[in-house]
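Shared chain: subunit A. Partners: subunit B in the first complex, subunit C in the second.
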Partner chain A sequence: MLERKEYQKYVEDNSPKSPMTRTLFAAFVVGGIICCIGEGIGDIIKLIFEDMPEKEVAIWESCIMIFLGSFLTAIGVYDRLGRFAGGGSIIPITGFANSVTSPAIEYNREGVFFGICAKMFVIAGPIIVFSVAASFLVGLIGYFCV
Partner chain B sequence: MKRTFRLNRPVYIKSGFTIVGPKEGDGNFGDRFDIVLSDDLWCEKSYEKCESKMHRDAITGAIKKAGLNREDIDIMMGGDLLNELSSTSLAARNFPTAFLGLYNACSTFSEAMLIASMLIDGGFANNITCSTSSHYSSAERQYRFPLELGNQRTPTAQWTVTCAGCTVLSSTPPKRYNCEVYEDDIIAVDKGLQVDDKTLEKYKKSVEKQKLVIDKGRSNIIRDNFAHDNNDYGKANSHYAVVTGGTLGRVIDLGIDDEANMGAAMAPAACDTIITHFEESGLSPSDYDGIFTGDLGRFGKQTLEYLLSKEGITLPTYYMDAGASYFTAEQKTFQGGSGAGCINTVFNGYILKRLQRGELKRILVVPTGALLNKDTPLQKETIPGISHAFTVESRPFDKIDTKKYS
Partner chain C sequence: MEIFLTYLKVFAVGGLVCMLGQILINKTKMSSARILVLYMLLGVVLEVCGAFDYIKEFAGSGITIPITGFGSNVAKGALEGAKADGFLGAVAGGLRSVSAGLTVAIVCGFVFGLISRSRSKKM
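Then we have the complex of A and B:
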């Protein structure tokens, strides 16, 4: 039979690859649309509550997008969108909501404690750890240097 | 150290029974399965429970189809892809039979067939069931990600087949007619159950609900479909199938570490087993009417052909990969089907029927398995493959043996 290196090279050269143009285009368009919807929601909030400070608008906007992401996951739409858009629907905050909601739905059958609560962060866990660690680091730098 | 063996006496295939999910029913073998479900939960609370139920009912169906009773079975052998063989073990608790759980990933079926035929050949048992199952949703959760996660599958990915199948091997020859299996044999309230009327009523209602899930248009056990060409009920078989030998596989690892490219990880194992089989048995591909691999997928199939061509072996045009042929191109499964039940349901639903009609005389079935769990790739381990092969021959019935089961 072939040598290990020779075989690995054959597999690498001949394995079917993702169609880059199509997937990049889909990710760009869908990701863009999701961000536009987010911006639109921000604008509507500003229209309704004229006195709301910018920061608070951004918080409300994120909350609504997270709700939409979770809701679409629960009714089984977001995974289909993800299959088409790839990174386009994973990177925005709706994708983060999806990565928390989907294991929560999946592990519902193992009960509330060791099912939903324990498994909810199996995918989003690393993101949360890194963001907490990064904010701690930035805080330290800010405290001592600025 | 010979790995190929020939059995001294014939080990007969009594029957094969298959249960598949809706997507599989839409696939290329859609009209060949005994039961096609229209819902992959089958009134259960989880996919694992559903897989276990499919497994149990495939065994029940196969025993009935062979004209046997539960008590006639000496040993049950089976496996699946879930941790600690949970779906097989939970299915086996419903039977009063000795049980051996086996695991060789997707080649568990051939492992079971080989061990069972050796045991029957050695005179240790008369009737053995060989069953395997897999479920897309339970495998996806165990090996990959939650179902609703919006991620993309890579083009090398395969689709775990939702199915369960069972073959009954025996030391006595089968009858010409398959014993008819009814819905009531598969789904029924247990007769020995000691419950009050209210609970019994609840069970009866749930049985009715479960029956509705069976796809009436495509399931072979439904009487209206008996006339279909690919249905093996109500028709006399001209031939019977006999397991005659096989080749046990080695664990082969050529350093593939991509768990989304199982075909490439398993192809070297299949290559090794096929080469060993031909060398040790003295046969060549032209001695077979059919060579079937398990679930290499389209790319894995191409890789196997490349590896064998390097060794100077050309596989004939009738070579088929069950996984690559399982689904149609429109079903978007990329490389095709995979899973412990994949080759099992293709064997029992498609290959066995062709053997029994005499269309195939001698075949080699070479299922392959990728031996990994969720953690080994994270621990930077490569993925080894394994493959066991078994040979099945079909022989014509004597003219006298035309009795139907009573």
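Then we have the complex of A and C:
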């Protein structure tokens, strides 16, 4: 009979390890590249519309990135990238767009209402709820304390 | 040379943010929704305590393109709304500042969901 601890050690030694260095490297490179693409889009917008205020540039930048993330999900590129990059493709705003578009495409044969529209928020729902709740809280703090 | 350095900073900070997320995924097996919520809240906290602007000054898109930028926009909108329009502004300001991004995300998701076929059968 194996002791409990020995058994746990046995399981730990023999279970498949997630390749730490490889996934970290992939997340670093892909995440960095996505952020650089965003910065590049911002710079291009600044070149074309010279007198656009900084704030509007940032809004355009994130809107274009969201569109790109959504588009790449629709043509199937982003999910393949996600399998390679993990966190590198989840955490940028393109990953948010992916989390909206991907279930919408996945469930579209269940109908428009309960397929696309309802399943769209499977992952994005918690994010939106938490951000609205946080914004309400911050707004209260800003109103009463500052 | 200047521009190269800027992009290097964006790359390093953005990569680092994503790598920390990957460490969380590897160590705790968190789902992607939890990771995104955690990072969004991190952005809110950084914005409220004022650190976000310093990081943004240094890294530009390296911190605003990750979902932390979304959280920071929400918090900034709420604070600015509270200052400008009082209580109603405080309630409305958060969503107002991210409304463009949310609209694009939802409209794109809806349109692409309508026009593309489900790929899950093939896998």
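The rule is short, and it goes like this: the second predicted complex is superposed on the first by the 133 of 146 C-alpha atoms of A that agree within 3 Å, B and C clash if a C-alpha of one lies under 4 Å from a C-alpha of the other, contacts with A are read in each partner's own complex, and residues count from 1 in each chain.
The rule is short, and it goes like this: contacts are C-beta pairs under 8 Å (C-beta built on N, C-alpha and C of every residue); 3 or more make two chains touch, one makes a residue touch a chain.
Note that the structure is a prediction, hence the values are computed from the model and not measured.
Hey, is it subunit B or subunit C that touches more of subunit A?
Tallying touched residues of subunit A, the top partner is C.
Kindly classify A:Thr73 by the partners it touches after superposition: subunit B alone (first), subunit C alone (second), both, or neither?
The answer is both, since A:Thr73 touches subunit B and subunit C.
Does subunit B (first) or subunit C (second) touch A:Leu81, or do both, or does neither?
A:Leu81 contacts subunit B only, not subunit C.
A:Ile123 contacts which: subunit B (first), subunit C (second), both, neither?
In the superposition, A:Ile123 contacts both subunit B and subunit C.
Check whether A:Glu61 is in contact with subunit B, with subunit C, with both or with neither, and answer first, second, both or neither.
Second partner only, subunit C.
With both complexes overlaid on chain A, does A:Tyr7 touch subunit B (first), subunit C (second), both or neither?
The first partner, subunit B, only.
Just subunit B (first), just subunit C (second), both, or neither: which does A:Ile90 touch?
Both subunit B and subunit C are touched by A:Ile90.
What is the shared patch of subunit A, the residues that subunit B and subunit C both contact?
On subunit A, the overlap between the subunit B and subunit C contacts is residues 18, 23, 73-74, 76, 86, 90, 95, 99, 101, 105-107, 109, 123.
Considering the complex alone, what residue numbers of subunit A touch subunit C?
Within the complex, subunit A contacts subunit C at residues 18, 20, 23-24, 26-36, 38-40, 42-43, 58-59, 61-63, 65-67, 70-71, 73-76, 86-88, 90-97, 99-101, 104-109, 112, 115-117, 120, 122-124, 126-128, 130-132, 134-136, 138-143, 146.
Name, in rising order, each residue of subunit B that touches subunit A in their complex.
Touching subunit A: residues 45-46, 141, 145-156, 252, 254-256, 261, 264, 268, 271-272, 275, 299, 302-303, 306-307, 310-311, 334 of subunit B.
Please name which positions on subunit C make contact with subunit A in the complex.
Interface residues on subunit C, with respect to subunit A: 3, 6-7, 10-19, 21-26, 32-37, 39-41, 44, 48, 60-62, 64-67, 69-71, 74-75, 77-79, 81-83, 86-87, 89-91, 93-95, 98, 100-102, 104-106, 108-110, 112-120.
What residues of subunit A sit close enough to touch subunit B in their complex?
Subunit A residues touching subunit B: 1-2, 4, 7-8, 10-11, 14-18, 23, 73-74, 76, 78-83, 85-86, 89-90, 95, 98-99, 101-103, 105-107, 109, 123.
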